[in-house]
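Some notes on the structure that comes next.
Labels run A, B, C and D following the written order; every chain starts at residue 1.
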Amino acid sequence: MSTSRRRTIRTNIAWSEVDRITVKGYDLCSDILGKLSLGDMAFLEITDRLPTPRESAMFNAIAVTLVEHGLTPSAVAARMTYTGAPEAMQAAVAAGLCGLGSVFVGSMETAARMLQEALPDPSASADLDELARGIVAGFRARKEIIPGIGHTLHKPIDPRTPRLFELAAQNGYDGPYVKLMQAVAQHAEREYGKSMPVNATGAIGAIASELKLPWKIVRGIGVLARAIGLVGHILEEMREPMAYEIKRRAEEEATAHLRQPRPAAE
Amino acid sequence: MSTSRRRTIRTNIAWSEVDRITVKGYDLCSDILGKLSLGDMAFLEITDRLPTPRESAMFNAIAVTLVEHGLTPSAVAARMTYTGAPEAMQAAVAAGLCGLGSVFVGSMETAARMLQEALPDPSASADLDELARGIVAGFRARKEIIPGIGHTLHKPIDPRTPRLFELAAQNGYDGPYVKLMQAVAQHAEREYGKSMPVNATGAIGAIASELKLPWKIVRGIGVLARAIGLVGHILEEMREPMAYEIKRRAEEEATAHLRQPRPAAE
Amino acid sequence: MSTSRRRTIRTNIAWSEVDRITVKGYDLCSDILGKLSLGDMAFLEITDRLPTPRESAMFNAIAVTLVEHGLTPSAVAARMTYTGAPEAMQAAVAAGLCGLGSVFVGSMETAARMLQEALPDPSASADLDELARGIVAGFRARKEIIPGIGHTLHKPIDPRTPRLFELAAQNGYDGPYVKLMQAVAQHAEREYGKSMPVNATGAIGAIASELKLPWKIVRGIGVLARAIGLVGHILEEMREPMAYEIKRRAEEEATAHLRQPRPAAE
Amino acid sequence: MSTSRRRTIRTNIAWSEVDRITVKGYDLCSDILGKLSLGDMAFLEITDRLPTPRESAMFNAIAVTLVEHGLTPSAVAARMTYTGAPEAMQAAVAAGLCGLGSVFVGSMETAARMLQEALPDPSASADLDELARGIVAGFRARKEIIPGIGHTLHKPIDPRTPRLFELAAQNGYDGPYVKLMQAVAQHAEREYGKSMPVNATGAIGAIASELKLPWKIVRGIGVLARAIGLVGHILEEMREPMAYEIKRRAEEEATAHLRQPRPAAE
């Protein structure tokens, strides 16, 4: 290790003084506490500024959508972890978050990326239908799954999508990205000959793009929202445990073929 | 593994049907989206019911307090992790959460526990000053640190405490737990002969108790709030990295005594 | 944040030069690679020195014991995590490790602590039977579970214990800590009137103490060993997945009471 | 959630009976304990069979290489986490593992993948030089970094590489994958006009391929090995802490530009 050039390190997030704490330029005690809700604080963390009322309504709606998806693999992982280390609830939430990767939460990141790469400047005039056709053709050629459309359970439509798009319209976020996402779904249905409506992750990817959130940070909204839901699952696991029983049954079934019959052993 | 009795497993958090998603008994699309803010959704996850306006104001205030504490060890861990695995932002948030244990976030759990164990029924009449005296004497006898008082930087007072207690008074949460926490601080100052004011974790422990949140779930508020802040740190690390430089300098200094001088080696 | 006194930071673990890497004072390429096995490398990491042949045999045996316990909650958590983020296998192992807390792996730490606190100097002459009596009486008075004895499945004995103690005898590690652990089990059986033999965590806690490993680092052996086992579970999950099916069934059963019958909904 | 078809779940890793524990078909007590070293146990976990002596020597060598890389971002993350949650050492190791992604440990997975995709059947005769030329041309055309070659510090050669290749030759693993990796380095040097020797991750990727380990599991060796090293870092952090000081300095420097001068404030 040679003596390398020393680079400056800087943060603009927060700093503390003896009698004052400042977060993103705001005084925590006088400007934030009692004035900002948790969702608006999350908006501030992500965008470095306070939301307008419409931004607040829209951002809170997409974040709230992501809080709770029931007994997901992620929730099961968190509950299993709590069973082994109840003194470290934070590690159980962490274990649950570790699984928010490409398969589940990642699809809204991929949807936002698809939209933002196809339409880097949403204020420019664009032929959205033509863009959508090109997107679908591209995914098909690369044999990749188009993010943000279709759902294994919610058929023919994902009930969250019309509600999110309704809120988008009410708040002025039903712009080109929402329209492009819808056009992608229409082209995909035509191309693949089956119902492939926009799902919740597609709607959120589009709305996040309308909110001018770069696609690289979209997964973060899912992560912070799901941390809230995971705390809920751990609290339920505290009061009404299921993890050990799930594990016990899985172990019993999965090893049944290995345990040879032995006389009077058990 | 013998064939054990099969126990029922149940969750009351959420379930999905083809055209409907229900969370804690509420229809996600018609009752929650566009109506609940992220903070109120967190309250619902933790308490199984919607907050009143005063509960919402109070809960959001304590959660917001916990979102951002600057460049904590937890934030550094998240940034270090992002440096090695930028494709897995969720794991970076998870790594940051893993450190929210007894030393930092845990103290508000311990403060809430101290208060709730001393005063199990806050509606019963109690001599709070006498309770506080007993608490301080007990901690002193066991040579344990009293949670929720004193601060290494914020002296003589933690600026968050008067603000949080002001909000508690405005919303009707300045009841026996807040008074008991303050009495503990006064007795501790007398007993130890130095300034030991209620700090932010003490204020939050007391207010959470006023909100009737069992102490066992108080750490969860810190965990979900900090997940939001960690996303903020990772976004900054994306744009203006510091983790590698911090590591580089630490490595250089920490191994300097080991690298022997060698002629013309570097 | 005032300008605090700058403290020196130092590590003695490893450092790199252009043409040489040194680990714990040994040249990685000439002293370690091809000469040290993975288990001996772990011994070096934990104790800062190379093991003697007997230390190597004993240490490898206890570490190997801890690698694989089948479909534990920790293994289920790792598999669930892999399902959601197959591109981040390291996060799946991490999620599995997060649950190695007080309930499972922690008991061998607690056993080692119990033994080392009762007998700080194993070379001093001590009445082990009297020490054991006191230990059991103390745990009973505090209504705490005695670590390292009893097992829910392996009855009347844990098959690992006689084998580990046999290896301890062969290698000269059947000293006072092993004898004290056995005496604790005997006193506990007498005191509680039921069979409570030394289990694997008790045997490992005792043998680790014989190896002069401070109790604070004993959990670490479990953590590093189980990381190996978790990689095995993730590889099996890759080839023959079970996590999603476990989750699907749990979800179906756990929410059955909530889904009301609706005409022709599904 | 409709009533889906129930799929069988199975594991072949391990199962426990009252008086016996079986791992991968071997009796833990009579076949494994005292007979298998930790590294050979890892080989069994990964390949489902015991290693030959040459496989054992080679596998242990590559695993040992990966245990310790000094004060990496991963080690710093583990130490930071321990500082906040010393009661949950397992979570500190987990936090450290979370960062073993594409940037550091991932490169040996990518190297193994590159080699195995170019040469699916290593027993077939192949023009390795031509394959290498094609690999380099492909990476250059896609503007991707070729994995396994070059190093920022170890110049002109990574000292681990000749030692690992020497061990490979001694044990009969200097076959087509090792030769292909070396040919890739030569073509890359010619193509890019600068020194780009095989680094340790390239050597390990090639040797793992010689050992017939599928590239998808190669990262797992890095993960399990590094878990050992992280335990070593946490033990050092227990005895000689540096994390808080690293954080304190980083915080001080990174926020210096924000703290405005105030009269007599500090």
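As a working rule, contacts are C-beta pairs under 8 Å (C-beta built on N, C-alpha and C of every residue); 3 or more make two chains touch, one makes a residue touch a chain.
Worth saying up front: this structure is predicted, and the values here are computed from it rather than measured.
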Graph distance between chain A and chain C, where chains that touch are linked: 1
From the options A-C, C-D or B-C, the pair that copies A-D, where over half of the contact pairs coincide: B-C
Farthest chain relative to chain A (centres taken as mean CA coordinates): C
Same or different contact residues where chain D meets its copy chain C, judged by the half mark: same
Chain pair, B-D or A-B, that carries the greater number of C-beta contacts: A-B
Between chain B and chain C, centroid-to-centroid distance (C-alpha), Å: 29
Distance from chain B to chain A - Cα centre to Cα centre, in angstrom: 22
Intercentroid distance (Cα basis), chain D paired with chain B, Å: 35
Multi-partner residues of chain C (at least 2 other chains): 1-2, 9-12, 14-19, 70-71, 85, 87-88, 90-91, 94-95, 98-101, 105, 153, 242, 246, 250-251, 254-255, 259, 266
Category of the chain touch graph - line, ring, star, complete, other: complete
Contact set on chain D toward chain A in their complex: 1-2, 8-12, 14-15, 17-19, 22, 85, 87-88, 90-91, 94-95, 98, 153, 250-251, 253-255, 257-259, 262, 265-266
Residues of chain A defined as touching chain C within the complex: 1-2, 15-18, 70-74, 76-78, 80-88, 91-92, 94-96, 98-106, 242-244, 246-247, 250-251, 254-255
Residues on chain C engaged by chain D in the complex (per definition of touch): 1-4, 6-7, 9-16, 18-21, 23, 28-30, 32-34, 36-42, 45-46, 56-57, 60-61, 63-65, 67-71, 88-91, 93-95, 97-101, 105, 153-155, 157, 159-160, 163-164, 166-167, 170, 216-217, 219-225, 227-229, 231-236, 238, 240, 242, 245-246, 248-249, 251-252, 255, 259, 266
